[in-house]
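What follows is subunit A paired twice: with subunit B in the first complex and subunit C in the second.
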Partner chain A sequence: MSVKKIAKDDFAVFVDALIAKTSVIGVQAKGDRFDFAPLESAKNLRLDYDVTLQPPKKYFLPPTEVLMTFEIGGAYRSAYEDEPFVLLGVHPYDMVAINQMDELFQQDNYDAHYMKRRNNATIIACDVVKPSENVFASSMGTAVVRGGYDVLLTDIGNAYVAESGTPKGEKLLAGMKGVTADDAALKSRESVWAKNKKGLNRHELKCDPAYLPRLLDKAYDHPVWEERARTCFACGSCNQVCPTCYCFNVQDDVNWDLQTGKRERAWDGCLLNGFTKVAGEHEFRNQRSDRFRHRLYRKAKYVPSKIGGQIACVGCGRCVAACLPDIANPVSVYNRLIDDQGIG
Partner chain B sequence: MSKPKIAIFDFACCEGCQLQFVNLEEELLDLIGVADVVEWREAMSEKSQEYDIAIIEGSITRLEDEERLKLIRSRAKVLIALGACATIGGVNKLKNNFNDLDEVKKCVYGKDSKKPHLATQPTKAVDEVVDVDFYVHGCPIDRKEFTYIVRCLLLGKTPEIPDYPVCVECKAKGNPCLWQYGQVCLGPIIRAGCGARCPSNGFRCFGCRGYTSNPNVDAAKEVIDKFGLTVDHLKTKMVLFGSRQEPTIYG
Partner chain C sequence: MCQCCTEKKDIYLPQLATVVKAEAMNVTERYLRLSMDDGQFDYIPGQFVEVSVAGIGEAPITITSSPTQKGGFELVIRKIGNVTNAVHNLREGAKIGIRGPLGDGTYPVEEAKGKNLVFICGGLGLVPQRAFINYVLDNRKDYGEVTILQGTKCYEQRLFVKEVAAWEKRSDVHMLETIDEGHDCWKGNVGVVTKLIPKVKTDLKSAVVLVCGPPVMYKFVLMALEEYEVPHENIFLNLERKMKCGVGKCGHCQINGVYCCMDGPVFRYSDLATMPEAI
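Let's look at the complex of A and B:
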């Protein structure tokens, strides 16, 4: 795979040419924040962003989507979105989250709806230039990513260093005007990585994240769940902005002929009232504290057990910012458990 | 199977929710294709005493209205409360914040306040008078939600109406939180289902769909503290749609 040094102006020319050819989703300003949105011009692209309001997850798992159309008592037909697109400006922690989702959606029942979109995507990731207010990727080992993207961009001040990660990325890179990155450029990139490995750390986890599953082994009955959940709105904001929350609900709706209809899935959230409601109106995580605990177990114990021990919190800090009563911060909960239970 | 008969009745309200039926436009033809509308004062002159589904719009503010509603309930197999006035009492419950209704009447009607047709009583939501089978929340209602509920009903299926806060839909839309922009938004305690329409357009949630079944008032108090506000700030925002409502009883 090759590594190029590309002048910023040349990169803008490349982006505009890309927009003319295919659908490009890029990070842009939204008021005084940032978010991913369809990109109309390279001049709207903001690779200097701190964090986006929503992670890029929605381009693979939309908030609502039609899974199939059906006829009652008759045939059904799966529905797929099948359009190629480029996702431009994915930060390393979000890339790690996508890599985890890729594993999860291919496990057990292969999710063709997710994977169709994923295989249609070309991802241009970019290293963080400006740390967000609540990022803790350094603590989670996700400040830098090596893998998953097609191209990785690193802003080294006067230019970008661009490295391909896949044959698709290699082809894309071939279309960018630039020179093979020299030692000085590679050294600048190394120093960006070294800086981010330490500096994306507004909240510092007091242990190696690999220890978290064992920490939680002993924490099920800890008082912190009740204490925190006392002021939980059960609004699911933490779920809704999380790059690794992938739970969904499935519902049917019929057309006016009362014969044909569609099956839709929509994001769900484990903090929500009704999330665990089953037949007969039984609800097995009825208490807010049960649901609050579940999210933090999910991130650092249950999901890791499905993906080779990777912790399913990538330290983006979005839940910290989204939680009005300030209780969602995973670092502060895990640190509290470490303070009480020690390590080891 | 014969088509079910639907009758639509209005009580104290602005009739804006019924107007949403008219706004269904081509879908209105679909609706009357699967059901017979036998009474609907806003759109037709016929009346009927035989119907399967009664749709009640408006809140109940007079004794004779209570009697009329009970009669409708006795005739209907299914009763639907339509819109905030019917589901939670809505804006009409503002008057319940005053202890002396004679004073309220004097303030509103002046010298005519004693006339018999202006008799009034504390506002009630429909379910404070009769049993309600289904609720169509909002001020006004969401047309898509209404037609979804009707189709569920015709299939004998229970509609799934959200019992989680507006924040869920607001965050999914990628909106920044309005609290961080100085607005006292009721989203965290109000039932979703509107698609976070107001916050998505820069207005705080006014609470027209009513509280979730289990709103966390403790959390609300914590948050207003954090933002340097008082309970009174919150009350002034809750009063419009949330007056005298369980479980908060915030004036």
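Let's look at the complex of A and C:
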């Protein structure tokens, strides 16, 4: 795979040419914050962003999507969205999250709806320029990513270093005006990586993330769950902004003709009241503390057991910012357990 | 299945089945015999299907028939939620959507061979258990003694009354039944199902015990089985959870680290030791 050095002006020209050809989703300012949105011009692209309000998961698992259509009393027909698009400006921690989701949606039962979108996506990732207020990717080992993207961009000040990660990315890179990255450029990129590996750490986890599943083995009855959940609104904001939360609900919607309709899936959240409620009103995780604990166990124990031990918290810090009562910060919970239980 | 077929298959898409027979069992339970329109349907006792009513939604229901009995499969559905209410309105000949069979955690069909079996059922719990009971009776020589304990809340709610009576008459089945509240027409045992456990003639310690009933029943049954020192590896429980996808994606049925839809719905009790949410 090749590595190129591309002048920032030349990259803007490339982006505008890309927009003319295909649908491009890029990071843009939204008030004084940032978010992914359809990109109309390279000048709106903000690769110097700190963190987006929403992770890019919505482009693979939309807040609501039609799974199938039906006729009352007739057959069900699968519905797929099948449009290629480019996702521009994915940070390494979000890329790690996408890589994890790819694994989860393919394993055991292949989810063709998710994968259709994923295969239609071309991802241009970019290294972090400005750390966000709550990022802790350095603690989670997700400050730098080597895989999953088609192209990885690193801002080295006066230019970008662009490296392809797939044949699709290689083709894209061929269309960018630039020169093969020289040693100086590669060295600058190394220093960006070295800086980010340490510097994206506003909340410092007191252990290696690989230890978290074992930490939780002994923490099930710890008072921290009840203490934190006492002020939990059960609003599900932490679920909504999380790049690795993918639980969903499925519901039917009948059209006005009362003959046809569609079955849709929509994001759901394990913190919400009713998430585990069955007909007959029995709710299996009725207590907020049970739901709060479930989320943190899912991130650092349950999901990791399905994806080779990778921790399903990538340190983006979005839940820390989104949580009104300020209880969601996973690092502070895990650190509290380390303080009380020690390591080992 | 090869990779390209896997990618083409939609795991959420129901296939059509026809309601071959439908009848009320009592005020809340309805019996359905279904036949897949494409004819194909192989399953193992303990597996469930996602029943789909277009415009209403899906509900997970365990199959009550045994795969040894040909000509479609049977469900018993309690009228309790949106989908199940809609199912109660379906008449013979109606179309219904089915996904499945689902669930890798089935009854220990192979493991239980040669062993004595004790079925403990509470109320609607008879419905999933019946799949394995009839499987065992259709392969009678493969299994040891068969004991069935059935507890029902009240006389009117008793299910499969004729079938239970037929089991009662068999010399190779020890059938014990009780109802929670006495009734003028009832001359049998009165009280909860755990009261029947001391009457079991089979040596419980070496038996395979299969339990299915409402969540509240499990605690008491397990406490009673503890007294008889039944090894936890020999106890199998059928767990219920909210399910949406049924294929290990949507997250609703998670019990600690496992998915009820994928790893269950039948679990070995000893496997539940690390799952405090299970019971």
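The working rule: the second predicted complex is superposed on the first by the 343 of 344 C-alpha atoms of A that agree within 3 Å, B and C clash if a C-alpha of one lies under 4 Å from a C-alpha of the other, contacts with A are read in each partner's own complex, and residues count from 1 in each chain.
Just so we're on the same page, a residue touches a chain if its C-beta (ideal position, glycine included) is under 8 Å from a C-beta of that chain, and two chains touch if they have at least 3 such contacts.
Because the structure is a prediction, the values reported are computed rather than measured.
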| item | value |
| --- | --- |
| Which of subunit B and subunit C A:Val254 touches, first, second, both or neither | both |
| Dominant contact partner of subunit A by residue count, subunit C or subunit B | C |
| First (subunit B), second (subunit C), both or neither touched by A:His282 | second |
| Contacts of A:Arg146 with subunit B and subunit C, given as first, second, both or neither | neither |
| Contacts of A:Tyr110 with subunit B and subunit C, given as first, second, both or neither | second |
| Which of subunit B and subunit C A:Lys187 touches, first, second, both or neither | neither |
| First (subunit B), second (subunit C), both or neither touched by A:Phe70 | second |
| First (subunit B), second (subunit C), both or neither touched by A:Lys8 | neither |
| Subunit A positions touched by subunit B in one structure and by subunit C in the second | 251, 254 |
| Residues of subunit A touching subunit C in the complex | 67-68, 70-78, 104-105, 108-113, 115, 220, 246-252, 254, 261, 263, 265, 268, 270, 275-280, 282, 284-285, 290, 294, 297-298, 301-302, 305 |
| Touch list for subunit A against partner subunit B, complex | 30-31, 33, 35, 53-54, 58, 63, 230-237, 240-241, 251, 253-256, 258, 267, 269, 272-274, 288, 322, 324-326 |
| Parts of subunit C lying in touch with subunit A, wherever the complex brings them together | 6-14, 16, 52, 54-59, 80-82, 84, 94-95, 97, 215, 240-242, 244-245, 247-252, 254-257, 262, 276-277 |
| Complex interface listing, subunit B residues touching subunit A | 27, 30-31, 33-34, 148, 151, 154-155, 160, 163-165, 167-168, 171-177, 179, 187-189, 212-216, 218-220, 222-223, 226 |
